[in-house]
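Here come two complexes built around chain A, the first alongside chain B, the second alongside chain C.
On to the complex of A and B.
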């Protein structure tokens, strides 16, 4: 195709972005989690006048300073790579949300200075300890604000929320797209990332404490790592428990606003499948294992403290029940076989937690380490599948070129080329053709789908698995069945119902 | 009347090791540069567990406290400004 595109030897353009993006996810997410954890440890230390928590907080803040620098440098690498390898895409995005990105850059500056002051003034402010803790606590809302902004853009890349005719670009303020920023999924993405990052940070700090517990010999120092590790672990677990609640609504938004990505996530697209299993479902298995491990540890630790009916315990078990309901809900999409496999993995994790704590004479160090590793893996898998599920770039042109055609912006873009200058007419036709199952007409929730296979996937899987449709034997009664579903509450227009019935009667694939 | 809940003063770390003296000196001066306790020496780490070394506000160096107050003010103002931009951008930013 294009002779003008830069390529990266061996790795290729796509994987260069993939690797850089994943590295940035690994480091930046940890940075956000560490900021919150440092504040938690500092507050616990101050309230109990126990310096052990404050000491670990200071060490973690040092790690954070290093991690933050690495994360920022990788982000710059990502920007450079995008600019060179996907110039059309990046120019579009930058022009589209110029002011958003500039404000985000300013928050980078605030974060870097605040974390530096906080760490280097640690020993100089024992007379103003509360002020010092407040300074560190400011990092968390700053981080939240920062990824609130970047999620406006990330969310837009997945759920633009409108099509050409409705774009805000060209409104009162150039470089700010109101409708693009406040897109359908940005709030759920932000909430999900906030909880996930603190969980990741908590489990990582606990894992570091676990490693140090192995390496120390003095009883008091072991106690220091054990107590700090438990504090970090519980903080992580608390956020971890909130994830399925947010995750459910996030998936719900994707289902209606980014149907192609949703289908890619749930059913895979062939290129994200390994060992016969989609990466996303592998992540769900790991999450189930983590859930069992954490619950097992919590139960064990509560028993040791004789707090079998304490309020926190009741709350955690209630949330655990909600977790189960969530996965039952997911059972509508995954197969029941997979659902029971996940239950099995969770139960095995619970048993393993008990064994690990007993084997290590009451210490959670092995469990902390295991959870840290699993947490890292799930963050990586989650980040990867989200990007891989996104509708594909076609020949370096972003998927939503047909959403926002920047012709009137060409004079201010760095790449003075139109698709027609680069591609053959055939390539162009292929690139502009809507992918199978894509939304054809705009209009937000309730968009009209003309692809009957997509209609079946979206509407039937709202209440049950597609396997139930495929295994249904009375195949001469599809009209009746669809009528029954409409009576149960399925919202379909007459045209849509007719398309579905025709598709099913013809026994075409979906 | 003495406070029964008050935490007892912890005994200072033993003075045999000259490095501990350097540590105490650092705490007295509250100077980050003079607290060069290596991170992974177990006995030294253990010696730092007690006490929680709160001091009087007047003991802190004034330039440090002023720097932090000024920085907090600037940061809080910036956050408020950005939030105002986001709200204004929602209502007035484009069609």
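On to the complex of A and C.
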């Protein structure tokens, strides 16, 4: 087998995919958010008989149409990059999810047509406003459906949900892999991204309003952008508040279904740390900063009378408290040092928000801009760390006759062939046996984990940070400690307890 | 081949690919044609201070933009389908054309930026910066043509793959031989002119119909004017096609002889004849329209010269299909048809008005005929290389033994047999094919026993 592959000078294959993928994600996520916001603005405008909202909605839709096309083209670039640079991975993905991608393509076409008609026939459909709003409102469910399909594939890449050997040999795969699609992290990924996209869209629209506020000099127009910016900002913030709740459960899924990725994220290992920086932590610090900035803005906004779209402060603070509780939960499994750093950044954000609003005489324009930039960065970092957290999917091969490894599984991937037609019973049994280390990586619920390091990571971090284990001083009494933990409710078999104690006593890394 | 092939339901995979591709290509080619012509119209309008040209230019771009997103979304589906249904072919493609495809991605980004942001959105703003605006439109068109160039290179490679290509196990990423394949310049120029021709004829037909239903006289006058202009441009552009097509056919004949023979009398000939028939329809309608509508002798003689050019190309071109036993029958037939058409056109010159509803529908029908002729042209090119996806390099997964045998027959026999595959029909029917292949003239053909069996199988089945 040829182990050589196409490479991209300077950037390298990995970063080419990363760059193209993130660019697409930035644009596609914004599209989803914008579609929802345009509908909100159109409905508000129609209900209040206020053309200003309709005008803003139209401008947002124009931005949407432009970035939509850029997103489409970047998606094409991503397809070409993946098929050229990672042919093995890409081919394998097609074997599992060809029909998913084709249905997604069809929805893509429907979306492209709808968004185009919605914008370009805005004036022509003026006499049919309800129909026009309905057409625009169709975009959001279509986007979510498309997004649902892509998340099935994205989730599969992180939590395949079964052992690879079993998945390919166990059934006839002809472009659709139900088990792979409805993988363990699928639901959480979908919920997390749906909220994040609307939040991102809201903050971006607010940022655009902030820019227009800077550029315009007429007081009336300034007030228009201020009000619209606030409306978009509130919409974004409400979705933003839901993120750590979903994120908390998402992290739990990863912990059991993609333990290695989970460990990489939570304790800064693998590709999550690049250029000497833990990008996951940076993302969380930015999120904390956004949280503080938003709360600061709300505190200030609540003091002002007569502002449109004022959210009840009690709602904001109670949601914020809920938000904090979930971060506390996350803090349990990250580190307290990190948790307090987040609190500090949030407090600094709050102070900065107050300063920015006062400096601009009550206008949130600078804050809108800052939040837009931060939301963009967090979307980018979120996408990056999710991809970087898992171990490298495959090696890169270019020879098209050898896109599938291991080769002994290739024949069952062919159409109209069943595993029984290709393999002897012995070969089938061998193929179904888990590859070395697979149990550790999969770590499915109910499976016996045999790797002691993974046992420690999964079981100990359920209640406290691993730092607590590492900092424990009475290292000659691990057996007693493990027994205590079992008495507190930790469910371990005797074999697992023995493996953990041996590992800790030997002071091996975990 | 050890790659899995997805087998789509209902239709064979090649039909799926054809339908998906044909959902994208008309949109993409129409947009490209409009992008090329809009700055030209805008320039003419600016120079002549005629606002109608500007209105036409912005109308074309507006309409192109409504097609852009759906077209791009459908375009994204094409590689997806190919990857699943023809994975080996796609692997070869993405290996040899990695950098051109990436470049195409960059060109596409530039196209969108210039077309959407700098050309369309700045139209009103740039009333006082017309030169700059026209320049931006031309740049957008340039990037669009660059995208077309890459795809034509890739499409040209499928029919005339160059010699001495890198091995399939070499991660080449870019092959100048494959990219600058022999048919690239002809395919590109054929498509460039063809896109303008069909897109403008269809536009002319549609604008003509719009003129019928318009109430304000000003609007009606504009749509009438615009339909005349675009339809005439489309018709005149067509006359470049046979000339380029003749050169293109020469290249195909030299570098993909089996495909050439498949079109010229072989299994794809019926489709090519259908295309020529459609051409006949829109040339006749369009010619009559021009002779009725315009008085300019230059234009009328130009169109007559175009018919003459068509006659020349048909005369030096290999016969499409024998009519009877003699090539002179075929030559006589098209000469008589073209002469009769020219005489008829000069005879009806200026006799009736074309400002009637019936003529608008006729223009629309001519536009549709040109559109279908364009579509059939692509089908002919793709079908001619059956059972190969890349001529002489890769075979389709669904290739049938019959198709393989036919390719072998064309490859081994037609080169020596006069000019078309139909000559097989004129062999002495008293002799068996085994006898014929065994005689002295054919010894070099039947050396290999398997090859000989396959040739006999095909000849016995289809030429007796």
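Throughout what follows, the second predicted complex is superposed on the first by the 434 of 510 C-alpha atoms of A that agree within 3 Å, B and C clash if a C-alpha of one lies under 4 Å from a C-alpha of the other, contacts with A are read in each partner's own complex, and residues count from 1 in each chain.
Throughout what follows, a contact is a pair of C-beta atoms (placed from the backbone, for glycine too) under 8 Å apart; a residue touches a chain by one contact, two chains touch by 3 or more.
These numbers come from a predicted model, not from an experiment.
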item	value
Which of chain B and chain C A:116 touches, first, second, both or neither	second
Touched partner set for A:479, first chain B, second chain C, both or neither	neither
Which superposed partner A:68 touches (first chain B, second chain C, both, neither)	second
Contacts of A:131 with chain B and chain C, given as first, second, both or neither	first
Common ground on chain A, meaning residues reached by chain C in one complex and by chain B in the other	106, 113, 117, 120, 173
Parts of chain A lying in touch with chain B, wherever the complex brings them together	45-46, 49-52, 54-55, 59, 103, 106-107, 110, 113-114, 117, 120-129, 131-132, 134-135, 138, 141-142, 145, 168-173, 176-179, 181-182, 216-218, 220-221, 224
Chain A to chain C touching residues, read off their complex	2, 4-6, 62, 65-66, 68-70, 72-77, 79-81, 83-85, 87, 90-91, 94-95, 98-99, 101-102, 105-106, 108-109, 111-113, 115-117, 120, 173-175, 398-404, 410-411, 413-416
Residue ranges of chain B in contact with chain A within the complex	7, 26, 30-32, 35, 39, 42-43, 45-46, 48-61, 64-65, 67-69, 71-72, 75-76, 78-79, 82-83, 85, 89-90, 92-95
Contact set on chain C toward chain A in their complex	1-7, 62, 65-70, 72-77, 79-81, 83-84, 87-88, 90-92, 94-95, 98, 101-102, 104-106, 108-109, 112-113, 116-117, 121, 168-173
